[in-house]
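Step one of this worksheet: look at the structure below.
Chain IDs A, B, C and D follow the sequence of writing; residue 1 opens each chain.
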Amino acid sequence: MKFGVIVFPGSNCDLDAYHLVKDVFGKPVEYIWHQQNSLKGFDCLILPGGFSYGDYLRCGAIARFSPVMQEVVEFADRGGLVLGICNGFQILTEVGLLPGVLLRNKDLKFHCQFVHLKVENVNTPFTNFIEPERILKLPIAHGDGNYYIDEQGLKSLLENKQVIFRYTTSMGTVCDEANPNGALLNIAGVSNRKGNVLGMMPHPERAGEAILGSTDGLCIFQSLLNHLEKV
Amino acid sequence: MKKTKIWQEMGLTDTEYQLITDGMGREPNHVELGMFSVMWSEHCSYKHSRKALKMFPTTGERVLQGPGENAGVVDIGDGLAVCFKIESHNHPSAIEPYQGAATGVGGIIRDILAMGARPVALLNSLRFGLLLNPRVRHLFSGVVAGIGGYGNCIGIPTVGGEVYFDPCYESNPLVNAMCVGLVNKNRLMKGWATGVNNLVILVGACTGRDGIHGVTFASEELSEISENKRPSVQVGDPFMEKLLVEACLELIENDYLVGLQDLGGAGLTCATSETASRAGTGMEIDLDLVPLREKSLTPYEIMLSESQERMLLIVEPSKENKVMEVCDRWGLSAVAIGKVTDDRMLKIYHGGKIVAEVPARMLAEDAPVYSPLAIEPDYIKDVSNFNLSELPEVADANRVLLTLLSSPTIASKEWVYEQYDYMVRTSTVIHPGSDAAVIRIRDTTKGLALTTDCNSLYSYLDPYIGGMIAVAEATRNIVCSGARPLAVTDCLNFGNPEKPEIFWQFLKTIEGMSEACRVLQTPVVGGNVSFYNERSGSPIHPTPTVGMVGLLENIDKRCTLAFKTQGDIIVLLGDSYNELGGSQYLLQVHDLIKGKPPALSLKKEKSVQETLYLAISEGIINSAHDLSEGGLAVALAECCISGGMGAKIVLKKEDLRVDALLFGESQSRVIVSIKSDYIPVLWQLAQKNGLNVNAIGYVGGESLSIQVDGLEWINLGVEEMEQSWKNTIAKLMS
Amino acid sequence: MLYKVIIIVMPRKGILDPQGQAVAKALDTMNYKGINSVRIGKHLEMELTGENQQIVEETVKEMCEKLLANTVIEDYHFCIKEV
Amino acid sequence: MLYKVIIIVMPRKGILDPQGQAVAKALDTMNYKGINSVRIGKHLEMELTGENQQIVEETVKEMCEKLLANTVIEDYHFCIKEV
């Protein structure tokens, strides 16, 4: 099983994702330069956080035209696992692999802090290893994480259980106080219909070692490994 | 007559102009004069500060590079070195807070990159007026957003710093940015243009008219160009700089470079003349080859442009193609604009004609050095005659503590550092909010402790002691995190040095800092001087910001200020005196800036730090916090708040005033919490170092209770204290 | 032919515009009263060469659909002038 | 009277516009050729009530100078229509 971390000009959490897979899980992982146009041999792709192309114009708007994105779309259509974190999430919405968009944070400020998350659907390749009621503590670090989608879009999201993570208090209550960016229904992460593409604003790769203040990010990667070992 | 005007308006004196003509054996032309005017400006030549800075101790067995290069470098073992520097961007930030601060960050990052180091952390020291003023709020939010905007985008964590609020900074805010990098000792780069016929390659952003307006000029050809063609404020492009960092590091890794230099103040003029001068070589530059943002830039403008995100590479001809390949992959334009020569001359060509021909050394090294007059200011006497006994004793200590906790200077800086990505690179193991931030060094057991410190109230009342304390507090913060202080980078923010009173402050400050650096064995390996921080004649307080780096041999031994376990014994290291001069208590409660700052015995400071360091490395300390603004009560409150648990404290008054005991800022003090079993070990260590230690209470409950001689002066719930401490700045800014 | 193009990209009606709200609030606290609604979008100016007005129009429309606007949340319109 | 105001804030001539640069580059790699210069600024729309055209103009000018534009790096212009 092999992971790939896609590197766009301006990506800056590529190192962190790479480090977690390689040094914490000891699994094979490679960087994929944004101009590469073959994804043969990869089982899971990670679109890391950062500021691809400076996030000028709109977050992810320019990165989505990198040559590799064509391949990523096909990879996803073939059922390959794709995890978009933060800027990666934004790119996935821009390229249309995930529904909705990420608007500027409600208070217009960048927020770097720990948040708590409720897992809304544990039957995905990214969450199968998580106990249903578990509240995750993960960091966020973004200025544009304010998830938005129109009404019928939201309706089908909910019907198909595509809302995967929501911001909560440490006790697990979903409320405005727990919403760091104004996201609709406190949505922090969504999947595509098939469930093989996940986008999330929080950074699981930053919560993989006790020394960093949380290990709650591990269960997401653990789920991925589970899933990959089964298939 | 007319000519006189030119150099004067460029900021050169008649004598300086004479020096130039003598040195060149002729009158300089307009371009040459412009080059001299920027290279001999205070910013580049340090002509007023050079002599005084020589007082700093700059050597030590770990020091690989002291002042003089782009940044200082210190050996940390494992074949690694840490490289760091702090720099001011005060004036640009006052005009355009966001871009001013952002380009300040971008500039200091390039200094670290120029040494061949990978930038791994950023800090910033900020000073503003009072937040009640909307203009100040605008500056404050703009600066913070700008620092975050640049650091977050480029992906270097901003892990620490400080923010102070004082009326003296109202129209002259201070924005000091510090960058820390890691480098393989054998990959260290230098800004040297060695090797005759080696290529001079300019990489990165195109050159525009940015920052030229900073230098005023008067001459026919230029005066025609209209104002709006010369924007004085640079706009930063962190995305471009990210590419620049990755490309340069790849070039270094592959050993493609002979020399590397950033372009900052004085742009191409500074980069070319300094690299050549350092190497004792010369250079030929063809301005027609410089990529321009708009056509029609004059040679003068190209040489003086301060466009951001540019680096200068010195490359052997055989490696040119390889270099171009790398830059191209990173989407960067790179152009060979000239070559290294052996005649020590800087020759600038444009349109096939030579437009400037100057000895490189004259520009970079031969600026005059001044020793301005220094006279003790009159205010010193007025402020120092202050009789404590006339001050009414504290009545409601609870109220005072809440007042201090909710004063912006002491209150939580969360509103600031939550706008910074302080976690990217997943190496930050002590986040902002403790005494010093700590980042781990991958593939080793080691960590780096980082802090910036300066209490400019102390420096105003007594620049000598203020300078000493700035260094002492920085080292104390480093030691509180479990690390050994390594070295200092300093940013000296002062008023106009041509005023004898200001220069006196400057000299005294450096004397004090030097003394502390010597005793505490933290050499100064780099720094920056920012003069003329005045508006309408009133200068800022002397503000010698100390940036410090410490080394943790074992990252698992790191320590934070948060109380950790109920029942731990709380111990105060060091002694308290009847000292309230320059304290936040006097300022916030009695609205007084008076008295002498707290005395500092470097000998005692050393024994406190030695004891604490050993105790932490023994693994017997659960939390450590140094006493700074607000004294014992505030420090205890901070430990309670961040630990989410209370404490019961019992103090003896002895011959102290209660307000001094609770809120005094006597130096060389630290509070630690420790498991009772380990008390004997701590006592032994203290004894060995001739240090006073007193158990003053224990961790427990939901409130902070402080008794003095059996009388409970303070009893506040941790919740309540947290409320007033945590939300102050956010409230003021919303 | 050389054309000057101006493209305006605005947040769609009904879509939250935090920036606009913030400005409205700021103006209010600065005592500018009677301000109803503030919307903030992007104003792009570019020069491009093309065979004729119509072709340029098609090109620009395509640019907007593909890159310059995210039509899920943004409307755009543009005008083209020959120079 | 109710007025509709449109304010355009652009980076000043000669000032670096990283956003415009990035977009120009992106369009080029997307094979839109012959694009000379892209500049990106803000487009603000607001409705406000005022006594008459002239007073509103003064108000808006003041808003721009004070809040909406930083004239060190940005130029602005606006137009006002009665509705």
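Details
Note that a residue touches a chain if its C-beta (ideal position, glycine included) is under 8 Å from a C-beta of that chain, and two chains touch if they have at least 3 such contacts.
Because the structure is predicted, anything quoted here is derived from the model rather than measured.
Contact with subunit A and subunit C alike is made by D. Between B-D and A-B, more C-beta contact pairs join the chains of A-B.
Rounded to whole angstrom units, the spacing between the C-alpha centres of subunit B and subunit C is 41. Once the centre of each chain is set as its mean CA position, subunit A and subunit B turn out to be 36 Å apart. Centre-to-centre separation between subunit C and subunit D, using Cα means, comes to 10 Å.
Chain contacts: subunit D has residues 18, 22-23, 26, 30, 40 touching two or more partner chains. Counting only residues that touch two or more partner chains, subunit A has 53-54, 56-57, 62, 65. Looking at subunit B, residues 237, 239-240, 331 sit in touch with two or more other chains. All chain pairs that count as touching, in label order, are A-B, A-C, A-D, B-D, C-D. Taken together, the subunit B residues at the contact with subunit A in this complex read 145, 148-149, 152-155, 237-240, 242-243, 330-331, 417-426, 428-429, 431, 440, 442, 555. Residues of subunit D touching subunit A in their complex: 18-19, 22-23, 26, 29-30, 40.
Of all the residues in subunit A, the ones that touch subunit D in their complex are 53-54, 56-57, 62, 65.
Subunit A makes touch with subunit B in their complex at residues 9-10, 12-13, 15-16, 19-20, 49-51, 53-56, 109-113, 139, 141, 143, 203, 205-206, 208-209, 211-213.
Subunit B contributes residues 95-96, 99, 205, 208-210, 228-237, 239-240, 293-294, 307-308, 331 to its touches with subunit D in the complex.
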